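Given below, in the form of structure tokens, are the structures.
Across the two complexes that follow, chain A remains constant while its partner is chain B and subsequently chain C.
And now, the complex of A and B:
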């Protein structure tokens, strides 16, 4: 029997899947979409995501430790579900690869302009591949190490406090924004990642009955990191300026000047790779599970490479920032739909199963 | 064995990727300073001067200065490149100098180009020259002019004589509708670079300047000052009395008073605390009463100076003190958007209240 994930590791895992490349753009996204004091929206969206997590917790409460597949196939035969699994696997692996590509494209705005995108991208994919073929316990242990290697970066925000001013927040709330649904979805995608926990049920140490709390803990860590970053951004930049800067968090990092190292941002930015890697790896891992269930005849060894390659070729032509944005939006939208839809669907299935059972008994 | 080859290959891929974007330092002209001036040249309206250390020979410490005429900053960099055998890079710029004429016509184009350029950090200092920017760069007193100005700015802004202004501060205040940017003002006098005061901007245009003493007082009105000093000259019975006031802290408060929906007036309150370290006056300063008198003298003097500054700001319709931010804070969104921000500072009455506490008089009575 393989080892199980402890609640502590689970919390970190959830945080690491959630926080990713969107953080770079988040303050600007909020300023453009929600206007002045847009950072408040982080709390609101986080609350909505919290409800989403609650839905997932309900699935777990009704069926302790049972995997998504077992729940689904209790009602619908596996053969019928197979195309659905494969579609889900495809969406998630494409989404993961788009996130990776987004990170590389942003990297290339800063450094390595002359290196080929494909080369850098392949390096990330190779790293992701090596991690995703490991079992989930190893991935979660790696994540914990990555977490401690990256979480300190949040404290760099202390450096910006002397330059921040409450006056720049302005007393106006949500003025001058576009208030588009699109913006709302974009901010929601920044919180995505918690839905992976649906597939983790069988791998979690079920001896601790309250383990699901750590999903909330992970979500709270994400919320705290996002809120702090955004509130500092809104106090540090003036509002009109924030709307113009592509990656406000990069500007924040690059303003940090330490006597010892000049240009600390090149170090910090590269450490961000670890966060991205976990996001990519966990989505691929879930996609791998889905594909395995959808096509059980396929050799397990080939699942990860196939997913990576297929997604790689589908997104091959997307190689500039402006082309990537609509792709990310569409797949982000799809991923958000899955995050909300999947637990709802599972609850529905459970309800129907319970109805059926009652009828049989009655 | 298989695994070892795999790891080796992977390491090679990772490490060799670093060799792809290589830059040989001898082949680079690493610009340390750049200046922008307005010209009437037919080929372009921007005269750009850049200085970079000559790294080709190990012993020499000299600066190379090249100059070109272009229409934009990036075009200028291209043209500069063709004037030297090295490749021009701008990742190590310490400061940019804006010539007086250029600054008066608006500096937005250069500032936003700097912001867009990923090589240029937002810590690059922005300074204004009182005549031509190239003049400052072409000063031959010190070998490395770029870091010289950088250090000079650091010492002076630590002493709260001049504002701390880099690209970040400048564009932050430029884009904020409640404050206008300011920048240090330099001049070349007798072949030396001299800091002469603070340049005041209205939006992105340089409109007026304050001298050094005024800019010290501007700092008092602008933010919390941790440590600075002022020499106060007072005419007194045919003589001039010099009082040197060394303040440890100075706090500033801005109160906006409203009458109905309108802003009635603004009150700036500055509370200072420090010691008197020199007094050329006749009377001794030993009793509490005398100290109170002196406190009031100093306060009145600073208040007059501050009122002069506010007068200058009102004349130029520039809001260097960020009073607009405080007004914004006290209004509703509709009231703020309806406000005529261009004439805001000119029309709102501003009063200053200075409160001086002399905590001691140094080592003697």
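And now, the complex of A and C:
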């Protein structure tokens, strides 16, 4: 069996990395930052992220089979790049653990008010460790199963359509929002995850020449899920209500009643752990690759534990939601910067190397 | 002239002496070869050794390993009809194989052949015919429609049943000895041109590398050749029906027949193969599909229902509809234990009942099972040890566990269920999700003869979905499954 990731699985992987707890807060973020009909910004921000993905596709086109590391080290020696790799690994591993902590804090508020945060958090980290030490092919297979176990939740939105009203959208577009750059970047962080594909190049089954389209497909799935969720939220809640509810999507799910089960949100929100786990694992996996490249002498089996432990201790003091918010903001911005800057940097390096080759040959 | 006559007489005498010496040496060698063979069987009182001195023939065999009719007709009758030792034409027949290899003679006797010693030569004749069970329906794989015959312990009969169903010269068979002490045989079958040669080679290699005293059953062999022997789930399916084996061969899979075992190994196998039965294919496709979906539903119920009960009654009472809430609260009000202990007590009791029912003689076992189930269940509720809702939950889980066709898989699922119950008792719905995540990661990392265990779900093989959750019409099953990695994808060739 080919041990490479097929395009179908790549699309699912991209969607699962991107989709996270931000979905639960997204309608409020849009309402606060962009005002009425703020859901339109999902499409605009998605388009911007699409341009970012296009830059990555250009890297793929011009790399001629080289990996990201080979591209960089073709111009800058490995020893010089090592601190950059280690810094990147650290940022991504901290970001990954913050995403996991965000989920656990919400879970604690919902169900385990008296339980130790450390216990719950440790369980998630153990799960992440159990998966991140596997090879990327196993991670992608696991992701596909998680996708099938979670995608049905999107259809719960159908339940709210009879109770939604187009009048609640209001005829105004982008009124009463803060319209800040910060808000824009916050929404942009909801789409982060596609940049991991830079490190997946050597592991993808590239028999089909248009395999990169699957990255767009994954991104489109994310956009569709976000857009539908936000539209329904804007139509279900009033605009003022939406600005005040911390997790509107959680409230949406709590109104779903099926004959046999009520208050399904406790089950649905817990299933979300699968999506969070993939986000955490993939960022850790990329961080592992970076750390291995930056410190090749380190034994590979210690990379994941070291990254997890270092990030764990750095984020140890953060144990309530309002303390976590600024951390997520800072590291979210950093991750967004990496997502935008890294492909640009790679394209620049490729261009410089191409110039150098032209000069050498003639 | 007198001197010449004396010379001639002396030469004749010397020649005669030489012949006598040669004869003595041959007798001695023959006696020593036979002695070497029989020495290996010293202490075997069931070994028969018959000597015919006038013919200088000794025959050695195990009486209970040979076919008595063949012994009389092919071996003893010609011996009785031979007049002297110089005319033994029957030794030249094609069924008498001459050999001077001591190990071969010993191996032949152990396999039911008879060894015939004549001077320095030994001959083996195959008159094997040990007693064995007659062909009967399989007890573990019952079917409503389709063929009923099942494999038996004799590999010869099993191979004949397979060959009757796959009448192709491309059906190849490799015999491999396994077991340092038992010297058993394992047969690897595949259809050349359909099965992947690398996978065949890999399976043969795995079997050849086995170092063990004896292999008694195919279930034992699978644990010696599996990709991950410490995994919770079995990686090779075992079937007891020749029609299932024939179907596997035609799909490009490899089958392994173990002498002495009525189970035959299929390699590779995916997790979903363990939920398929012959009835799926012999019934109409709509019925087959419905039954298969029912089986997957049963799997979800058996693995998660009790855990969900524990989670809901411990942490998430708000999930229960209001109409059911009062009933449940009322039935649980008399129970002194928390739902986790209550569920574990009942699940373990059910496991005891199940195991006891399997060990007892059939008639007694059935009675104990029914009485035990009813009495224990009713008594437990009246004593206030459990609630009656839990009895229903546990009983449903138990019944649905037997819907899974494979006993080995069903046992693994039961173990996984206990893990989920514990996690549900500790962390509620989050615990169940954590348990599912662990199971999915574990299953995703498994392989069967190098092929991914969760195919065709993950990796996603679109064309194989015609025979996955659904059993599509035969007109839609145009290609062979991707799991065996056959290069000959199109069916009907």
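The criterion applied here is as follows: the second predicted complex is superposed on the first by the 358 of 362 C-alpha atoms of A that agree within 3 Å, B and C clash if a C-alpha of one lies under 4 Å from a C-alpha of the other, contacts with A are read in each partner's own complex, and residues count from 1 in each chain.
Rule of thumb we're sticking to: a residue touches a chain if its C-beta (ideal position, glycine included) is under 8 Å from a C-beta of that chain, and two chains touch if they have at least 3 such contacts.
Bear in mind that the values here come from a model prediction, so they are computed numbers and not experimental data.
Visitor: Quick one: is A:123 in contact with chain B, with chain C, with both, or with neither? Answer first, second, both or neither.
Guide: Touch partners of A:123: chain B and chain C.
Visitor: A:149 in the overlay: touching chain B, chain C, both, or neither? Say first, second, both or neither.
Guide: Second partner only.
Visitor: In the superposed arrangement, which partner chain does A:111 touch: chain B (first), chain C (second), both, or neither?
Guide: A:111 contacts both chain B and chain C.
Visitor: Now for A:275: first (chain B), second (chain C), both, or neither, which partner does it touch?
Guide: neither
Visitor: Based on the superposed arrangement, let me know which partner A:8 touches: chain B (first), chain C (second), both, or neither?
Guide: second
Visitor: Just checking: does A:263 make contact with chain B only, chain C only, both, or neither of them? Give me first, second, both or neither.
Guide: Both: A:263 reaches chain B and chain C.
Visitor: Just to be sure I read the superposition right, which of the two partners does A:251 touch: chain B = first, chain C = second, or both, or neither?
Guide: It touches chain B, and chain C stays clear.
Visitor: What residues on chain A does chain C touch that chain B touches too?
Guide: Residues 111-112, 120, 123, 263, which sit in both footprints.
Visitor: Can you list the chain B residues touching chain A in their complex?
Guide: 10, 13-14, 17, 20-21, 115, 118, 121-123, 168, 171-178, 322, 325-326, 328-331, 333, 336
Visitor: Can you list the residues on chain A that touch chain C in the complex?
Guide: Residues 1, 6, 8-9, 107, 111-112, 120, 123, 127, 130-131, 134, 138, 141-142, 144-146, 148-149, 259-264, 266-267, 270-271, 273-274, 277.
Visitor: Of all residues in chain A, which touch chain B in the complex?
Guide: Contact set of chain A toward chain B: 109-115, 119-120, 123, 126, 163, 165, 167-168, 170-172, 175, 236-241, 244-245, 251, 254-255, 257, 263.
Visitor: So in the complex, which bits of chain C are touching chain A?
Guide: Within the complex, chain C touches chain A at residues 315-316, 318-322, 427-430, 432-434, 436-438, 440-441, 443-445, 450-452, 454, 457-460, 485.
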